[in-house]
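Both of the next two complexes hold chain A, though its partner changes from chain B to chain C.
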Partner chain A sequence: MSDRPVADGGSTADGDPTVEMAEQAERDEPDLDRGVFEAWAAKAISNPNRAYRATFYVATIFFLVTTLFPFYWLFVIAMTPRNALSTTGVLTPGGTPRAAVDLPLIDAALSVPVGLGPINPGSFVDIFQTLPFHRYVFNSFLIATVATVAVLFVGSLAGYVFGRLDFRGRNPLLLLVLVTSFFPPAAFFIPLNRLFNANVDVLRPLISAGSLYNTPYAIFIPLSAIFLPLAIFILMTFYSQIPDGLEDAARVEGTTRIGALFRVIVPLSAPGVATAGVLTFISVYNEYFFSSLMTDGQPGNWAPMLEGTLRFQGEFEVLYNLMAASSIVAVLPVAILVVVAQEKIVSGLTTGAVKE
Partner chain B sequence: MASVTLSGVTKRYEDVTAVNEMNLEIDDGEFVTFVGPSGCGKSTTMETIAGLTLPTGGTIEIGGREVTDLPPKDRGISMVFQNIALFPHMDVYDNISFGLRLRKYEQEEVDRRVDEAADIVQLNEMMDQPDAFLMDEPLANLDAELKVHMRTQLQRLHRELDTTIVYVTHDQAQAMTMSDRIAVMNRGVLQQVAPPLECYNEPANRFVAGFIGSPAMNFLKGEVVDGGFESQYTDVDFDPAAHGVRPGRGVTAGVRPEDIYLERAAEEAESPTKPFDAVVDVIEPMGSEVFVYLLFDRDVETSAEGRGEGQLLINLDPDTEVTEGDDVRVVLDREKTHLFDRESGDAITHSLE
Partner chain C sequence: MSTDTRADEGGSVLARPLDWLETQSEEVYAYVLLVPAFLLLAVVAFYPLIETFRFSLLADAIASADPFGEFVGLDNYVALLTGDTNFTQQFVSVSLSGSFPFVGFGAPFLQQAIFVTLAFAILSVLFETTIGFGQALVLDQDFYGRRWVRVAIIIPWAIPIVIQAMIFFLLFNPTIGFGTEFMRWLGVFGNTPLSSSSDSFVIVLVADIWKTTAFMALLILAGLQSIDRGLYDVAKVSGASPWQRFKYITLPLVAPALLVAMLFRTMDAMRIYGLIDATAGCETVPSLTCLVIIALNESRRWATASSVAFLTAVVISAFVVVYLVALRNSDGGVA
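Now for the complex of A and B:
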């Protein structure tokens, strides 16, 4: 490409007087001798929308490939039999068995790919038979759901107070909420782990061991607290935009303040609630740190899906194909949730971004 | 249906007193309008009656029951708001039946009343059969024609329902046309509570005189002298002693535009003053009448901020022949001339006869 500009410069330099050049430019310069790319560039300059469209497609394809390729690769690995994992290619999920071909004259053999190996969808069944992986997913799903409900409920109350009421100390309190969200979660871990391992007599009637370790609460309580500030901020923004008249009308018609919040303000802020809810759900469902350390990893002890995936990594061998299959299965609930809530999330994120 | 009683109601925000020592009794079935300029505290008063705002001091009774600290839902009121009539996330049925469902009515009863409401009235706030209706500028967002139509419609509704209605507006025309009594407010203080015509003919003070009536009353600053009122541009003869004022007191005279006549029509006035000179400044023909802005002399400066000293607005017959720049002679009707104390603004007399 480097010689093109020179040729281009030459062709314009030894061209006709400037008036004629302008005329040529107006005719989209069809006569100039140019390569495909230069012709395209010239057209793009006179009509920038072409360039924008091209950039759009390039960027879109780039993002699609970078986000979707890992999933495709997981899928390829999941479909590969364990013994063929080392010969798997991007387009050959079953691996490529090789045969040794003796080379004539020299005493050597060349390993040549011969055909495709069998693909193995059975991994998606094996993960449930080797381990109760469905129980791990259920644990995660339950913890994430409970955490989401709790965060939305508490976040709604707090968002209402911060968004719609004017009281002394509102801003310092809001700042305090913000500050707590800046603590690295790891800083909480050791004290929380010790706390949850301690036997608390009060809990004895509720939880057999008397401690929160190996219970869903050990994951759901700290994670709810960590993701609450974000939810409060999102909900506060949305609730503050609902006109006062609507709330007043609901209260006069017979609701309490809290009744008006859940009957009128929350339904009208559906995009914000969906955004906060989905963000919380995904974050809790995907969370690694607390999820891997607050239980002993047994499915019956409320170990989350992450532990299930890690269980396929044994002492002597790593079942990569099963880990890949379990990862795909684990993504499904979140994928479904996002597809369902997508419209609301998109409008929710943008609305929250534009309005202060 | 119930009476509404406010005793010493005060609402103070950090540094502002929105409502100050409000005392008012609204009778059962009465239509009372709070009227006043923006920020006078009329909406705040309404909100304290509704329970949306708790007063800083004083008590509120509805139907003889003290409700000062009750939440809105337990006060037996319905309220119509300026902007919001409907919940956007509900359909028509849900909107109309919202209050009924909250109050746990039977499904059949809800259906029956929703049908009824859809047939007759179009306001869901009418559904609960409350003790009192509160209406906060319900017509403010309507166009002019519909506003006038709804005014008559609301009066019919009041007659049919025979319910206590408390109405808030800044539009004195709505207050005049619909109310049994008007409560005029300014800066958080109740100025006068009286039937519309009494507010119009016997305003309690300068503020009420200037606020009620459109176009507004003319005011002339001056003072009481022996045998009459004297101002920079004109004077009016009357007997100060008969009205309990002493010469030397600073007063403001008030005359409504329709109580000023051209000299040639002076006999229409019940008690004309002696004529004085003026110049026609601007003419506003309205069809049924003509508003004429006069200047007492050609040197008077006019400003964009409204009628100042030395200007006079009069209301003439549409076929009166005047043109801009004419010299005219006009008389005031002494019988309809008000006097207000210049310091306090309180009315001294409503007739100089």
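Now for the complex of A and C:
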């Protein structure tokens, strides 16, 4: 972070100093004593568009560095051998040989990396051996997938009703759905916690303990409901855009009402369904509150990925490199999803909000 | 729930309810299709919300098997708001009330939690709106590689909260992160920022801004792209500078989208829990949700926890109402 302003200043000031000086000279400016920066400033004043363009580039580079740098640094820590962690630098792994270089003008020295120190890609293997981290990630994946399927199914029915049908009580019911997303999860948690910890004899054949605590249901049921309103809003928007004629044609051909929904409306709104699906998956995978409170943190008890990552923070002494490595592994699925489905994410977030 | 039975049973059993559905009016059909969604919402949201309110009217029963005692009316709320509620040891810790600069020494814990939550919500939404506006203006331009810049800006939004917390935990860890050293060099932080309330508050704030600015940026971008480009051409022809074009065209036209985006972010920011729990810990930076969990897990005061939880919901609703009124005044039909 500390090196950012320097980099930015550099890119604006010396973007094209020689060309600029030459141009300056050609245009027979009387004042020839200007430095590079002053010359640039003079040009910017005479032609404001240059200044706006420069601001644009500086801003773009600034945003790129601030959003991506933490991931790079996480990688640096993951590659640092455990005994060198305390010497981890801003840009280089710990243990890199360094030499002090005196800075001109100010009384300070900068230690500059020279050569390569030992690096340790083994962290990425260790995280699966110290803890069954793959099991945690699998649990998260399963919960997110099941929740996504459930939300898409239930949300499709509701989105179809709100988007295409006219009936009494439509607006109050829609408002009720919206209100649910206002409340903090904490306001739902205490009764749910009681409910999921209660022993229900009916469940005994299904779940050995007889209560929902420490089962994937305890996480995926609340999360499905919490992320359902957003999915309903997205699906409602997409379903309402299908022309009535197509649905009527399917009905004339002999499908049932439900058949028309799942054979005509849903396939035609595939982009909308994908959008709602991607957003639900990411939201459930990333959720913290219920995910951290509804299991006891054992991988065999369906504890999600976040418990695995936190284990490296708490249970063992100082496994900073493993924390970093596990974070990178856990980020990969969503990072890939963002790269593949960024248009869907953008359109989903905006329709979800604009509808309101 | 109806989905399960439908999957289990065969086609012939399925046929009869479907036939019945065919013969019903559109209205009945609509209600039937809404049943699964509202069943889910009722179990997870409506019923618990009412229960939370009911619990909050009962007394704490710390020792007995059932955590709730007799009916005490609004006593829990009165005790919380007047600062009479005493929590166990960590709540009266001197470092907490002493080092947090904005709240007076020894302030009641709930007031601190409300203050932390509101301060966090307001500051984070302000910063995120400003920076998000900048990002949206960048993304609104047409340039080579725009797709990848957009990916880079969205990625922090999409990462799990626990990973976000890990990144900032490591950055400000005194032994390995350079964040502490840098902030100390600036003279802002102490030696162990993650155990000081005010330093941790800043860390949590920065972490949240880093992650959720992208969300604001995307919503503002949608507002920007709905502006008629012809307006800019007219302004250019009449000689408006880019700053004037921004001030007189962009800003007023994007305002409704901006307010909606801010409403969403404020509601979300007031629920802050995971980020705090995984970095500094709930005792260091107490938010309202943190308070619920501490009261629940560490002192087993379920009724008090319920009243804090319900109070959180009330505070958030109050904010929502303020926003909705502002929205209605600003532009009529948006809300």
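Note that the second predicted complex is superposed on the first by the 259 of 356 C-alpha atoms of A that agree within 3 Å, B and C clash if a C-alpha of one lies under 4 Å from a C-alpha of the other, contacts with A are read in each partner's own complex, and residues count from 1 in each chain.
Note that contacts are C-beta pairs under 8 Å (C-beta built on N, C-alpha and C of every residue); 3 or more make two chains touch, one makes a residue touch a chain.
None of these values were measured; they are calculated from a predicted model.
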{"item": "Partner chain in contact with A:267 - chain B first, chain C second, else both or neither", "value": "first"}
{"item": "Which of chain B and chain C A:248 touches, first, second, both or neither", "value": "first"}
{"item": "Touched partner set for A:85, first chain B, second chain C, both or neither", "value": "second"}
{"item": "Partner chain(s) touched by A:256 [first = chain B, second = chain C, both, neither]", "value": "both"}
{"item": "Chain touching more of chain A, residue-wise (chain B, chain C)", "value": "C"}
{"item": "Which of chain B and chain C A:36 touches, first, second, both or neither", "value": "neither"}
{"item": "Touched partner set for A:339, first chain B, second chain C, both or neither", "value": "second"}
{"item": "Footprint overlap on chain A, comparing chain B with chain C", "value": "256-257"}
{"item": "Residues of chain B touching chain A in the complex", "value": "47, 50-52, 71-73, 77-79, 81-84, 87-89, 98-99, 102-103, 124-125, 128, 134"}
{"item": "Sites on chain A touched by chain C in the complex", "value": "1-2, 48, 52, 56, 59-60, 63-64, 66-68, 70-71, 73-74, 77, 85-86, 88-90, 94, 150, 153-155, 157-158, 160-161, 165-168, 170, 173, 176-177, 180-193, 195, 221-222, 224-226, 228, 232, 256-258, 282, 285-289, 292-293, 305-306, 309-310, 313, 318, 320, 323-324, 327, 330-331, 334-335, 337-339, 342, 345-346, 349-350, 353-354, 356"}
{"item": "Complex contacts: residues of chain C adjacent to chain A", "value": "3, 18, 21-22, 26-27, 29-31, 33-34, 36-38, 40-41, 43-49, 51-52, 55, 134-135, 137-138, 141, 143, 147, 149-156, 158-163, 166-167, 169-171, 173, 175-179, 182, 210, 214-215, 218-219, 221-222, 241-242, 257, 260-261, 264, 267, 270-271, 273-275, 277-278, 288-289, 292-293, 296, 302, 305-306, 308-310, 312-313, 316-317, 320, 335"}
{"item": "Parts of chain A lying in touch with chain B, wherever the complex brings them together", "value": "243, 245-246, 248-257, 259, 264, 267-268, 270"}
